[in-house]
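Consider the two complexes below, in which chain A is the common component and chain B and chain C are the respective partners.
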Partner chain A sequence: MAEAYATAGAKVALADRGRLWVTLYLAATGIVLLLMMTLGLLMRLAQSDILALDPALFYQMMTVHGTGMVGIAALGGMAVMWHFLSAHVRLHGWALGVNLALFLAGVVAILAADFLGGFGGAWTFLYPLPATSGAAWPAWAAALHLSGLLVIGVGFLIVCLEIARAIIAGYGGLGRGLGWHVLFANSTENVPPPTVVASTMVVIVTTLALTAGAAILVMSLINIAFPEIQIDPLLAKNLTYFFGHVFINATIYMAVTVIYELLPRITGRPWKTSKVFLAAWTLSTTMVLIIYPHHLLMDFAMPTWMMAMGQVLSYVNSFPVLIVTGLGALAILHRSGIRWDLISTLLLISMFGWMAGVIPAVIDATITVNSVMHNTMWVPGHFHFYLLLGLLPMQFAFMIYLARGEDVTPQGGDMTAILYLLFGLGFVGMFLMGGWASVPRRWATHLPEWLIWDQIASVMAVGVIVLATMFVLKFLTRMPRILQEA
Partner chain B sequence: MYLIPKIPMACLTRSCSLKAKARIGVGAALVAAALLPPLAGLLEGRLVTHLLCQYPLLVGGGAMIGATLALTRFANWTAPSALLAGALACVFWLIPRWIDAALAGQAVNAAKAACLVILAGMPLGWGWTQAGPVLRGFVWVNAAAMLAVMGWLQLATPIRLCNSYLLSEQRDLGLALLMLAILALIAGMSRAMFGRWGRPIQ
Partner chain C sequence: MTVQTMSLLLSAAAILLLAAVFLRVRALAHAVEDYAPVQGRAYRMRAIAFWLMVLVGLPISIWLLRDMPYKADVTEPQIVNATAAQWYWELDREEVSLNRPVEFRVASMDVNHGFGIYDAAGRLVAQTQAMPGYVNRLVHEFDAPGTYRVLCLEYCGLAHHGMLTEVIVSQTGGNDG
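Here is the complex of A and B:
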């Protein structure tokens, strides 16, 4: 089966792999990431009572940090996925260019809305907060922020449609991109490689998420313009979290392609597309779309069956892909004689971060735990774990891979990756311990009893930022050469 | 929805010409059916049938003519502007004030019909035929999202939007639009998922 995919992949002529755009995406990702990390550090310093920060500014920073990190996770993830997918299907780079232009326009709108207009309604922009701020920000600021999100969503939709087009042209449908002809009809023809399977899943779920996102954003804009036209708050929350949950989940599925592509090259062992692998991705495609109610477990008006579905499927959702990816990675690494270096260590850390980061989420998805823990630092602990130690190491590994001219020969540097892991663990550990101690999340000011976790987290954040800067600089300093090659 | 049909550049053969004439004839028949009594009166009698039967007949008739004309000339650069123009023309005639005006006066009703055929339907048909798969997908996804928003708007608005129709009809329209949005999404995703089984890699 692996042979079948290797043969199919080799037939594709690579007219345009969008190298220029991928490089620009990564540069933007690196720079914005460091800026957003700095905002995060400032917020932790303010909570530590070390830095005096106006609470209104804190919430503006929190909004920019949250929105910016989600956006940049998607931008970086898209660059990774595009690069590897373009080896299997014929993609047109113009879509990446359009997306980047719209992304930057949206970022400008959001920065103006948040820092000039004072919008601080968090990335969730939950109804009715944008329109009902209690004079904390004017209506235009809320409208501009939401419009910025809408523009960014349009850009990502265009890229998703281009990828869908390429997969359909290459494999005959998104169903075949998920390998359903192999799974259900025992076909051995044109078997999609792991990267195509993951990309197909991303395209399906992201397109649906963006559709829901566009709907709730336009509804919210109408509500801002005509406050008498109100939205059912539960409908608004369902749409918002369907959009947000699916979109941020998809970013790690974009980036995981780096594991499927680089580990086989590093170890010299192919990553086989098995039926178990395909079944796992199909299951996750379905479940990632329907588990979002675990964000609404505190909403008593939600139908009980949806709550139960949110809890049960949250337990199950992550495991299929995690198991096939984790076990697949371990099988490839076992007795491979690998010499660890920066790229391979970052990839292994990302597997750990992804797997371990899911555990606090699964715990929080338990209804009885959720009612106590959901509004505490536990939840930021989960998603920082997942993103800081799961997603970002994948993106850093890809940046360094490109900076080294796509050479996977071991070149050392694994200690910096281990330091990143240690500082990252310390940082997210403080969030989780804060949650364990019932420290509320989204509070600009903390009580003296809580400061110890905030202060340790601030120190750890400095370490994370220094190491992340090193990784990003490795890429940025080699960028001219990468662009010349493009 | 993502699959682009090949436009026959030399569509001048006798059979092609006959097919084109037949398509234009069907388009004209759809327009006539929507405008001639007794169907016109019946369709305009209720909000749901007015917007979801008469409008689609007019736009669909124009679209068939536009799509047929598009087969004679390959100009894919015109697709985005044509689709945008068609969508804006549709949106204009969805404004409640103009729906009321069309029901109140013959002249405005004639203008509505002409606009929906010539300024909405024909550009949409032309643009859709010229559009590539990404643009088609984009239009389809946005149409689904905005149908849902329109449906919500009809249900959420506390007052009657059209003087000519009852609040209950507004509610019916809202539900119908929501169902249409779901159907559009299911249809689009189904086409994408099961597009072309068995086609070899290119």
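Here is the complex of A and C:
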């Protein structure tokens, strides 16, 4: 099926009216990212038995690291998507401002709850742990942390609703934003470009994820205030993992718009909306919502059909990523005559990291494998793979693109991206090796036989942080000029 | 070969294959060719990859469902009631027999925990979650004698890493209780 319609990157139709906010989003993303990476390094050093860290502090740091990384994945991803989407639909920048204010308020609440109140319930805040900490933290700390999350979620929901409004106004409905009129009725009118298709998918799934997340947060807050009001723990777990799974995947779908928009500009080759492309995104929209039970494969009380679905559909869900967006990116680059530089190399790495990270994830979603891999280091191995080497290079590429005044002509610097890839591979590789060696995840202290993986990972983490700092600084040092242009 | 080793090798092979494709694209990107023939080849590769994944990968994924651990139907299992609490395990039986199925009835008195059984070599051999209000039944047959450790595999609070206990597997297996 080779029909192709809309073209990404051909021209910018509308100005980015949230440019100021996009810039501030990226600055917050970069700064928080480096802080969270530093927390990650400290945790790996503690597990390596190099740094003496009180377990209580370790788990507080782990909670802040996990929550903070999910937060900035969304913040940075939203900045990328908003910028490119604003060329296609008319967005109101105030929504970004409200979200940033709520995000920062939530961050302050979470930092106070975790580092002052001692809350260490992990990003998963699995019911009933927030209220049942074994006297490790007070109820107010748990309530403040969950309230912080709720405030952040409300902010992102506001942005999602604004984007949904703009797509409905511009294209006549979310179905049309997904290109269903093209896919199912062969229409050739008002065909959504790839960025609009991706954005439509993002607002649909993120709105549902945030609703589920808000539900479990409110239920947990009620439980903290009135312990006699209890929740079914299995229902709570389903809500938590539905929210977490969908939300973190959506952050990648937000950021992938940089691929659709910049590769055509770099190579001069269009990325067109085809029926295969539309079918893939519709499939992804459905799949990402229903495969979350692969996080619950070791909860034997779950209905067996949901477990089977979690395994098989997790595999099917990799199709759109691997063979539509991935192959599409490779085709655009292949024999295109480009000279590699920092932006294009980061974009290439991001596609590799995303596609390669899916492989250990799908293997872990196989029930027989999950029986001996679940909650080992294999799990952070695969999600760090596609976040560190998939999502972040997309965000770095976008930062540098803005820092260069949206100029995509080659300006060198690709060796730093390659070094980032190598250190990143070493870092995630040690997680995977830890999973192979059955090292449990989320343990503050490690047994002597596990230390080798932790120690190598710590060295690799230093390299990753140095290179990430270079990318972020490239953006931050040009911020005054970017803001002037805004 | 353990499941862990197979998973690692399979992942490494697939990632290396993918890396080879990316390296080739990177190496040849400087060359110039019209987009249409490149795109045509990419579409053909996409179709091949799609049908390979559907006709080979999907049946394998479905076939792998045959080994689901959820409803293991065994006769006369040795029963071990395992109860988790912050931050310790309570087992009503600490010794079981070799080569006879053991049914671990895993529950929790407070928060979510994970019941992970490690063999003498430190390799995870089976697990299930321990959840308040539910009893998860994990059936496992030990094929080597020795002392197996049980580690908590679900984050449960500040002493999560200290939640360990042991199960002894022997020829006689202690009391069936």
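One rule holds for everything that comes next: the second predicted complex is superposed on the first by the 469 of 486 C-alpha atoms of A that agree within 3 Å, B and C clash if a C-alpha of one lies under 4 Å from a C-alpha of the other, contacts with A are read in each partner's own complex, and residues count from 1 in each chain.
We take it that a residue touches a chain if its C-beta (ideal position, glycine included) is under 8 Å from a C-beta of that chain, and two chains touch if they have at least 3 such contacts.
The structure displayed is predicted, hence computed values, not measured ones.
With the two structures overlaid on chain A, would chain B and chain C clash, or do they fit side by side?
Overlaying the two complexes on chain A (C-alpha atoms) leaves chain C and chain B fitting together cleanly.
Who does A:Thr376 touch here: chain B (first), chain C (second), both, or neither?
A:Thr376 sits against chain C, while chain B stays out of touch.
Contacts for A:Ala215 in the overlay, against chain B (first) and chain C (second): which applies, first, second, both or neither?
Only chain B; A:Ala215 stays clear of chain C.
A:Gly170 in the overlay: touching chain B, chain C, both, or neither? Say first, second, both or neither.
In the superposition, A:Gly170 touches chain B alone.
Mind working out whether A:Gly426 is in touch with chain B, chain C, both or neither, as first, second, both or neither?
neither
Is A:Ala95 in contact with chain B, with chain C, with both, or with neither (first, second, both, neither)?
First partner only, chain B.
After superposition on the shared chain, which partner residues are touched by A:Met307: those of chain B (first), chain C (second), both, or neither?
second
So, A:Leu322: does it touch chain B (first), chain C (second), both, or neither?
Second partner only.
Given the touch rule stated above, what does A:Arg442 touch, chain B (first), chain C (second), both, or neither?
After superposition on chain A, A:Arg442 lies in contact with chain C alone.
Between chain B and chain C, pick out the one touching the greater number of residues of chain A.
Touched residues of chain A are more numerous for C.
Pick one for A:Asn190: touches chain B only (first), chain C only (second), both, or neither.
The first partner, chain B, only.
Please give the least Cα distance, whole angstrom, that chain B and chain C reach in the superposed model.
14
So chain A touches chain B in one structure and chain C in the other; where do those two contact lists coincide?
Overlap of chain B and chain C footprints on chain A: residues 232.
Using the touch rule from the top, collect the residues of chain B that touch chain A in their complex.
It is residues 2-3, 133-134, 137-138, 141-142, 144-146, 148-149, 152-153, 156-158, 185, 189, 192-202 of chain B that touch chain A.
For chain A, which residues are in contact with chain B within the complex?
8, 11-12, 90, 95, 157-158, 161-162, 164-165, 168-176, 181, 189-190, 204, 207-208, 210-212, 214-215, 218-219, 222, 228-232, 235
Which part of chain C faces chain A closely enough to touch in the complex?
2-5, 7-8, 10-11, 14-15, 18-19, 21-22, 25-26, 28-33, 35, 38-39, 41-43, 45-46, 49-50, 53, 57-58, 61-62, 64-65, 67-71, 86-87, 110-112, 114, 116, 118, 122-129, 131-134, 136-138, 151-161
Taking the touch rule as given, give the residues of chain A at its contact with chain C in the complex, in rising order.
Spelled out, the residues of chain A in touch with chain C are 2, 55-56, 59, 120-122, 124, 126, 128-129, 132-134, 136, 232-234, 237, 269, 276, 298-301, 304, 307-308, 311-312, 315-316, 318-319, 322-324, 327-328, 330-340, 348, 351-352, 355-356, 359-360, 363-364, 366-369, 371-376, 378, 432-433, 435-438, 440, 442-445, 447, 449.
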